[in-house]
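Two complexes, one shared chain (chain A), two partners (chain B, chain C).
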Partner chain A sequence: MNQSRAQRWVLGFFVLLALVMLSAPTVVVMGASVSAGRMIAFPPEGFSLQWYGKILAASDLRQAFGRTLVVALICTAVALPVGTLAGIALAKFRLRFAGAVQVYLLLPFTVPLIGSGIGMMLAFGKMGILGQLWPVGIACAVINLPFMIWAVTASAAALDPDLELAAANCGAGRVQTFLSVTLPAVTPGIITGSLLMFILAMNEFLVSLLLVDARIVTLPVQIYNSIRSIITPDLAAISVVFIVMAALAIALLDWLVGLDIFLKSK
Partner chain B sequence: MGRIRQQGPQPMIRDAANAAQAAKAGPAVSVRGVDMDFGAGPLAVADAGFDLARGRFLTILGPSGSGKTTLLRMIAGFQTPTRGEIFINGEPVSKVAPHQRAIGMVFQKLALFPHLTAAQNVAFPLKMRRFDARGIPARVEQFLDLVRLGGLGGRRIHELSGGQQQRVAIARALVFQPDLLLLDEPLAALDRKLREEMQLEFRRIQRELGVTTINVTHDQREALVMSDEVIVMEAGRIQQNARPVDLYRDPANAFVANFIGVTSFLPGRVAPGGLECGGILCPGTPRQALAAGTPARGAIRAEQIRMAADGAALAGLDFRLQGQVRDAIFEGERQLYEVVLPALGGIAVQVYHHDASDFALTAPGQTVTVGWNRRDMILFPAAVP
Partner chain C sequence: MRPSRAEYPYRWRLMDRLEAAADRLFPRRWSRWTGWLMLAPALLLVAVLLIGLVQIADASLHTLDRKTFRTSAAYSLDNYRAALDQGVYLAVLWRSVLGAAIVTLLTLLLAFPYGYVMVRTRSSNLRKLLLIALFLPFFIGQVVRAYGWLIILGNGGLVNDLLGLVGVPPQRLLFNYPAVLFGLVQYMLPFAVLMLAPALTAIPEETEAAAGSLGANWLRTLWHVVLPMARPGLVGAGLVVVSLTLTDFAMPAILGGGGQDFIANAIYDQFFRTSDQGLGAALTLLLVGIGSLVVGAVFTAFGAGTLAMGRART
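Here is the complex of A and B:
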């Protein structure tokens, strides 16, 4: 590299700025969560893990966390087969409705979540299934599915079509070819997409807010409800739990497929 | 040559191949009036037809886009001819799915399964074709040995060199003893030395197993070196189907004459005993009977034109004339000259010269004498414009 010194300084400055800006909220919330004081504050007043103890003891938080896990698992379980097949189909075949599918893939960026949330609230209400957890999982799957499809499509598009012909030439029928060649090739995309779906469903707030009632609040909704009363450092502690889960997911991803693949699969 | 290690016959393979051969008579592959129409543009393959006898090695040779891959893929079953029929062992196969055809194929980009080891790649066809599971490891071992990869079976594909990957692909194509082996330019990506080594390797294995083989290439040298028979294709049409020697000595038309070797063409009209070109009779032989006065082109190979500084040295030839050196390319064991012939209206011919002591001739503008014999110039009817 033949960069001049000034160029390196400028580049370094902006990288540093970006890092600080991206990590500042995380740092603040982590600091606040170990505060010894009674109010949420940064920098923290002293050090204590009391708030972690408190959220562990709070049964309503524990139950909300459990429900959130169930929602995330249902969402992932629904999105995994649907997103995998849709992603492969999209990458391999010239679909008749390709245009419509493209629009659908852009939906998460165009339609505000409140819109899709209200739509689903009305639909589920008509069907009389509100007040249960599984419709929330399905709703999360529906609104986040494009991310899963993207992850799989990126893997499937990189698959050499000759590989499938080679499998056929080796005597593999369609199903065997799919299982022994296509599926292994898109596995990184499936893992990436599934973890993404899981995390997104864990964090999903708005749609959950519209679909749950007081008996089945999920964790993000529970947090929101608490904020309306008073803001205590236990909320910061819960946020840290979320951050840790996301970090675990990324570590898992790195271990399973390597982060470089994830970063390349748009 | 030292590279071709003598290897004892493999009893199991030989016997099975012989039994299969005895059971079936007639050509291993027949292609009858096959067209492939992709919709846009001219036919990718037009009216292709040939027979290939069992155990023979056929090469399909042609420039890029001439339809070689398309023809091969139709035989493999990846594409269905829009017209005509392909027979394998006498059976029409247009309704037979690719995985039901007993064909081994080595793809241009190999198409090895990246998530499997070399041995698992070779075992794959055996598993898919439901071979007795207990026999598979030994069989895989045997074929890895055949391609000289013994001991490397546990490696992942990306842990092997290009040449080793080639060999895995060959083993995978052959391990279930297919009736037919298809090769789609698998050597094109290799460097020259490795390519020539693999050509001999293919030939050795093909002879050892006696498997009928169709190879695709645009490398004329590879076609001549490896094959029992060569089909030359151009623009979707088969131009000639012949043994390598005949292809070289007796090209069916001007395209083939031009495609194989380095050939010069002289324009003119057919005259008794040769070609009348620029008012001079150049001795030559028409490939088929041509009426005198017909517009024609005389084709002559660079190595059949003789050249000397002193015309007297070429006294024994049927024909001599003077020219000027325009360019000379040094190729090591020989030199390729471009010689302008003012007497023939300034036409240039290409001449191979093997005498390294004559380097003085290379100076551009140098006057030389060239000449050839009547039988070495072949006359073809001029292409109708």
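Here is the complex of A and C:
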């Protein structure tokens, strides 16, 4: 790429600005979490792991973390098969009303989160299942389903339909064709989608806030409630838990499918 | 001439069983419905959302009796009248719409160069760095990020410390409109870049080189070649950013400190502070309506851009 000097400078400036903006909160939270002082501060006053010891001892935080994991697992377990099948169907079949189906399946994205959240709060309330954890997981699966479908369709679109015909021609039945040709081809999409679903459900805040009560708060809601009262460094230590999970997810994604998958043109 | 059992592996037998079961459960002559069968679970799951919307619509038609704190049995449109009459909601609506517009512009301005460099760079290390820097905040969630900004922008925070070094008295950087917009731009940046990147990848580098060899400088190439060709990505990114910003809750709540409410915060307050479910539901439905109108208008004008799923993309 032959870039003029001016172009380099302009691009470099914007990219640097974006990099600083993107990374600043993460860096600061990590720094503040190892502060030896009693107040939240960055740069930290000395180094200590006292706040990590504190959050390990706090059973309410541990329970909130456990509940968040359960929600994320339920969300992934529901969205994975549902989104995979829908994604393959959308990419492979020429369906009648495909446009309408698409608009309908994009609803979780176009309906504002506050709307979906309050709607499900009212609906779950009527069904009498509010105050349990699994409806929160279902709700997360509903609102994030488009991500799963996108991930799968992106892979499925790259699958040559002739391969499936060839498999059938060699005597494979429908189940076998699906299991040994179609499914492996979309596996990168399934992995990407599932990781996204898991992480997004871990972090889901507004819908959780609407659907949980004081007995079953999830970790993001717990952090939000604490921020509103008083900001102490132990919050930074809990936040680092999220940062570590995010880093793990990225490493896993890069290892299994490569981060470059997001740069592919559809 | 059926092979003997020993030659016929277990796996094959299992597969035969599965095929037979599939043939019985879903005969081949139904195969034109296979696509719909595969779609059915997703359609059902999203139906939960529709049920919710119906519930909201129902709730919005019952007014709250302020004396008894019971909702009326009769249906009326009073809540909508109340929502549209009160100037306070129009102010909140204006703040959200203006905020969404500013945030979208700023986000696209930052996201475009970022995505461009990420896609075009020859250095795979730089690409990886940019991708990781993008995904880390994306995977961390709004609350934690807002918490980071609280530490950075607070009265005794990093920025004020730095300002103090050059002799500037502490500034109030938090709990105002710019702080909320700033937090939102940072929140939206990964979404925007991820929607833009596929469209940028699809632009052949040769086209840019051709424009250059015909005498266009990089600004003209950008304006006449890259930007028009990146339109699906810009549409997708813009849509996502507008709709998520317009309806955001966490950033105005945390970085706005209660004085910078967006529509979602006003709705939340109706449900949980004032306990006026009807009015809250009416506001929610109005928001859903506005959002759908915006998205629908963009879809009709520009197509679904990079938002499209599968074959039906335009």
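In the analysis below, the second predicted complex is superposed on the first by the 255 of 266 C-alpha atoms of A that agree within 3 Å, B and C clash if a C-alpha of one lies under 4 Å from a C-alpha of the other, contacts with A are read in each partner's own complex, and residues count from 1 in each chain.
One rule holds for everything that comes next: a residue touches a chain if its C-beta (ideal position, glycine included) is under 8 Å from a C-beta of that chain, and two chains touch if they have at least 3 such contacts.
Computed from a predicted model, the values in this text were never measured in an experiment.
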{"item": "Touching partner for A:I149 - first (chain B), second (chain C), both, neither", "value": "second"}
{"item": "Chain B versus chain C as contact partner of A:A246, first or second or both or neither", "value": "second"}
{"item": "Which of chain B and chain C A:Q176 touches, first, second, both or neither", "value": "both"}
{"item": "First (chain B), second (chain C), both or neither touched by A:G131", "value": "neither"}
{"item": "Which partner, chain B or chain C, touches more chain A residues", "value": "C"}
{"item": "Residues of chain A that lie at the interface with chain B and also at the interface with chain C", "value": "173, 176"}
{"item": "Partner chain A, residues of chain B touching it in the complex", "value": "76-78, 97-100, 103-105, 107-109, 111-115, 124-125, 128-129, 172-173, 176"}
{"item": "Chain A contact footprint on chain C (complex, rising order)", "value": "15, 18-19, 22-23, 28, 34-36, 38-39, 41-43, 45-46, 48-56, 59, 109-111, 113-114, 116-120, 122, 127-128, 130-152, 154, 156-158, 185-186, 189-190, 194, 197-199, 201-202, 205, 209, 212, 217-218, 240, 243, 246-247, 249-250, 253-254, 263-264, 267-268, 271, 280-281, 284-285, 287-288, 291-292, 295, 299, 304, 306-313"}
{"item": "Residue ranges of chain A touching chain C (in the complex, touch as defined)", "value": "1-4, 6-7, 10-11, 14-15, 17-19, 21-26, 28-29, 32, 39-43, 78, 81-83, 85-95, 98-99, 101-116, 118-123, 126, 138-139, 141-143, 145-146, 149-150, 153, 156-157, 173-176, 199, 202-206, 209-210, 220, 223-224, 227-228, 231, 235-236, 239, 242-243, 245-247, 249-250, 253-254, 259-260, 262-266"}
{"item": "Chain B partner contacts - residues on chain A that touch it in the complex", "value": "160, 162-163, 165-173, 176-177, 180-181, 184-185"}
